[in-house]
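Which chain is which? They are A, B and C, in the order written, and residues in each are numbered from 1.
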Amino acid sequence: MLRALLQPLALLLAAPLLPGLVNRVKAAVAGRRGPPVWQLYADLWKLLHKGAVYSGTTSWIFRAGPMASLASAATAALLLPVGAFPAPISFAGDFLLFAGLLALGRFLTALAAMDTGSSFEGMGAAREVTFGSAAEPALLLGLAVLARATGSTSLQGMLGPGLSGAWAGAAPSLILAAVALGLLSLAENARIPVDDPSTHLELTMIHEVMVLDHSGPDLAFVQAGAALKLLLFGALLAQLVLAARPAGDLLGLVAFAGGLLAFVLLVGLVESAMARLRLQRVPQLLVGAAVLSLFALVLVLR
Amino acid sequence: MTSASWLDLAFVLVVLVDFYLLASSRLPAATRAVALQGAVLSAPPLLLAGGGHDPEHMLLLSAGALLVKAVLIPWLMFRAIRETAVRREVEPFVTPVTSMVLGAAGVAAAFALSRSLPLPSGGQHPFLVPTALGTVWVGLLLMVSRKEAVSQVLGFLVLENGVFLFGLLLSDVMPVMVEAGVLLDLLAAVFVMGIVMFDIQRELASLDTQKLQRLRD
Amino acid sequence: MILAALAAPLLVATLALGVRQNRTRPRALLVGAVLHALAVAAMLGRRPEPVLDGALALDAAGAVVLSTSSLLFLACAVYAQGYLRRRAERDNRLFVGGLLVLLSALTAVSLAQHLGVLWVAVELTTLATAPLIYFNRNAGSLEAAWKYLLLCSLGIALALLGTFFLALAGTGPGGPRSLLLADLAGAGRALKAPWVRGGFVFLLVGYGTKMGLAPLHAWKPDAYGEAPGLLGALLAGAVGASAFLTLARVQQVMHAAGEERFAGQALTALGLISLAVAAVYVAAQRDLKRMLAWSSVEHMGILALGLGLGGTAVAAAWLHVAGSGLTKGVLFLSAGNIHRAYGSKLTDQVRGAARRLPVSGPLFLLAFLSASGSPPFAPFLSEFAILAAAVAQGRPVVAALYLASLAAIFLGMGRTVMRVVLGDPAGAPERPFPDSALTAAPPLVLMALVTGLGLWVPGGVADLLRAAAALVTG
């Protein structure tokens, strides 16, 4: 029970490090020093001490959105094994719950954006949901590959010790699934080449435009939720790739942290090397990820 | 890794290039991808050389494929692209998303159904036939869905790559002379296509085959 | 001898590339054609030894196609002397070289006994002719060449897949593990039925595209309409016959594998569709050469129908290969002359050809009568024999559709041909290209041959046709 409380909390506390690290990688590639790694913690602290401003046209949906989406991400964190630690909660088919919770977060954020009644936020919500309709099948297909390869339908079984056997038998499929999930994690977390987290250029924004009206603690929840989501995808990939984990709790945790660092490095490098895609090309990327997952699934199904 | 898992990797790579081609619209990048596919195709003959195939024949086949599909044809294609100054496929008949979905469906069907095909001789690699048939399908799709002449030729090359893979099943039936003839014909085909493309470009100042719609009944 | 027939045109082509003068270079065509005709005559006289482990050998079916092609090429080579003299402003290096390579490729198709070699040779005919289609270098001919090249390449790639399927069919226990026709046909029912059928479908689509059977004919009207007349004659007569030969080879394997009913139905269906499509389009045609293309679709349909019906219709189909092939030569060469003399090939501008071109005009009319199956020309015999076979096999629907299409094509084409040939040429556009000996004599000789073959089929020829039919039907 204690672990069930501890794991989401620990992940939530660690999450703001990730965007900070990504920014440092980008700054290093560009030859700058960049903001401190702790920047997001400072931002969150500041935001939590501010008051919130609510437009007269909004309802309770607008206020509930940020909290609920943070809560859904934190709940999803319960289902992941971390390092050698098993997932606090695990049951057959829980990977569907994991995908569902992420989708719920998206749904609530989009709903809150539409609640503002502003066409600007509405546009962002429309884009987010359009791309989501291509991203969610890709995520489900990718997880299905893992489920099939490991013969288990809980994330604990799919990403836990059972995975090393799957790597021996179905390596090509797992590589494909990892690539697909990697593409997806860029899209889901509003990173380049899908979205640019550092600009507020209205024509191309997706995620940022939805949360423009949030302020104070609400904005802090939104940002913490986004960081946690990035961490969840990073954890998913790290667990998937680090199949042969060293035994022991501490070593496992170190390996997990190393995997996350590699993920952060990769995201930073991709962001530095690529330009954002034109909006019309984004579905192509997501469908590409879905196609990769589908192909991987066909390979393991044979 | 064993040779079987290297084969796994090669076949999966071939299919990945198929998908990439369906999504891409930049012709130089697509041409590089086709060259990569040609280079990957020279690996399976070598890896198969052990099991019941004549090693010398396979070595020749591999070298021929590497030379023709990965070096000479890409060189011809790049020359055509340079001379005609075409860079990208602007508006294909079928959007990239649709063609990717269609291509993936075809490849998935090939992989799903190939186990029920009554292959007379057992013992081939399980990915060989579906990869070949899936690549044929993607080549067909590329040929009919693109407007730019260069893309159509790339589609033809992918189609030929698929047929080449299928032919690996039968290396002991096809004499070396015939295999060489097939590769030479392919080379000559791309050469002739290059000439015609060049002349089309000079005459119409475009390689958009949509402009080739004057003749009708 | 086989190697000589293959190599002679290639050798002459190499020499022709070295000739500097545009005016003298076409003579290489004549040299190549005569050498080739001599080699073919020698091979017909005494069957040559097979070469390359039996991959190349002359059999009856190959002999029919080879002699038709050689004759047609000889006529076209003579015609080319006159034609290229009139087109002296164009560089004809590629044209002359390509035609000679085509001749060699046609020979290889006729002689191939190995399905892989056959494929290589058929692809070579496409590659040799594609650049020749746009000899005139205008937008229309480039479009035609691109369509021809791309569609035929697509088809031929599928045919290679079909060839592999057939090879796979023979790798089972007791299978021949070979693509030699004799081995495949000898293996009979040891061939695995699913792969044989799959292979047949791909081969039919592939080589059917090359042959121009509807609905795979999209390139045909464009290519025939835009190509120079003599290339049209070779494409319709010789290349079409070669493509038919490949399908006949495939049908030979299908017979041996006991799948002739399946294959025959597919061929019959494509044949009837081709006839029907041709009947619809030929009537509305305002372009002389495109009309001939539809007529070619019709004749390819008749050939496929004959092959599909089987039995006595197959021998008739072989006669039709020769008769319609030579007729195509007359049609395209005389149409080319008419095109030159009027500077137009549109039927609303061309009229009174019989008066302006006293040889080509009437020849065009006669060749039309021959192509549409009127006595006393050779195609009448073959078309009638195919009809008789359909009736004798108790397939009245096939016979009725066949007859209706032939009648419709006769009426549709006849209207156009009459308007072009008869009437008063006064007021029609005019170019200074009257009939000359070099351009009028080749179609005249071909017409005489068609008429002669219609009146009397020599015993040797009849034996050859029967032997060719026996090859297919086993």
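Here, a contact is a pair of C-beta atoms (placed from the backbone, for glycine too) under 8 Å apart; a residue touches a chain by one contact, two chains touch by 3 or more.
Remember, it's a predicted structure, so these values are computed and weren't measured experimentally.
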| item | value |
| --- | --- |
| Minimal step count in the chain contact network, subunit A to subunit C | 2 |
| Farthest chain relative to subunit A (centres taken as mean CA coordinates) | C |
| Two chains sharing the most C-beta contacts | B-C |
| Chain centroid nearest the full-protein CA centroid | B |
| Centre-of-Cα separation between subunit C and subunit A, whole angstrom | 64 |
| Subunit B and subunit C, separation of their C-alpha mean positions in angstrom | 31 |
| Whole-Å separation of chain centres (CA-atom averages), subunit A against subunit B | 37 |
| Partner subunit B, residues of subunit A touching it in the complex | 171-172, 175-176, 283-284, 287-288, 290-292, 294-295, 298-299, 301-302 |
| Interface residues, subunit B side, partner subunit A - complex | 5, 8-9, 12, 15-16, 19, 23, 96-97, 100-101, 103-104, 107-108, 111-112, 115, 126-127 |
| Subunit C residues touching subunit B - in the complex, by the definition given at the top | 52-53, 55, 114, 116-117, 119-120, 123-124, 126-127, 130-131, 134, 137-140, 142-147, 149-150, 153-154, 157, 160-161, 164, 167-173, 175, 177-179, 192, 194-195, 221-222, 225-226, 281, 284-285, 290 |
| Of subunit B, residues touching subunit C in the complex | 117-121, 136, 139-140, 143, 149, 152, 156, 159-160, 162-163, 166-167, 169-170, 172-175, 177-179, 181-182, 184-185, 188-189, 192-193, 195-196, 199-200, 203-204, 209, 212-215, 217 |
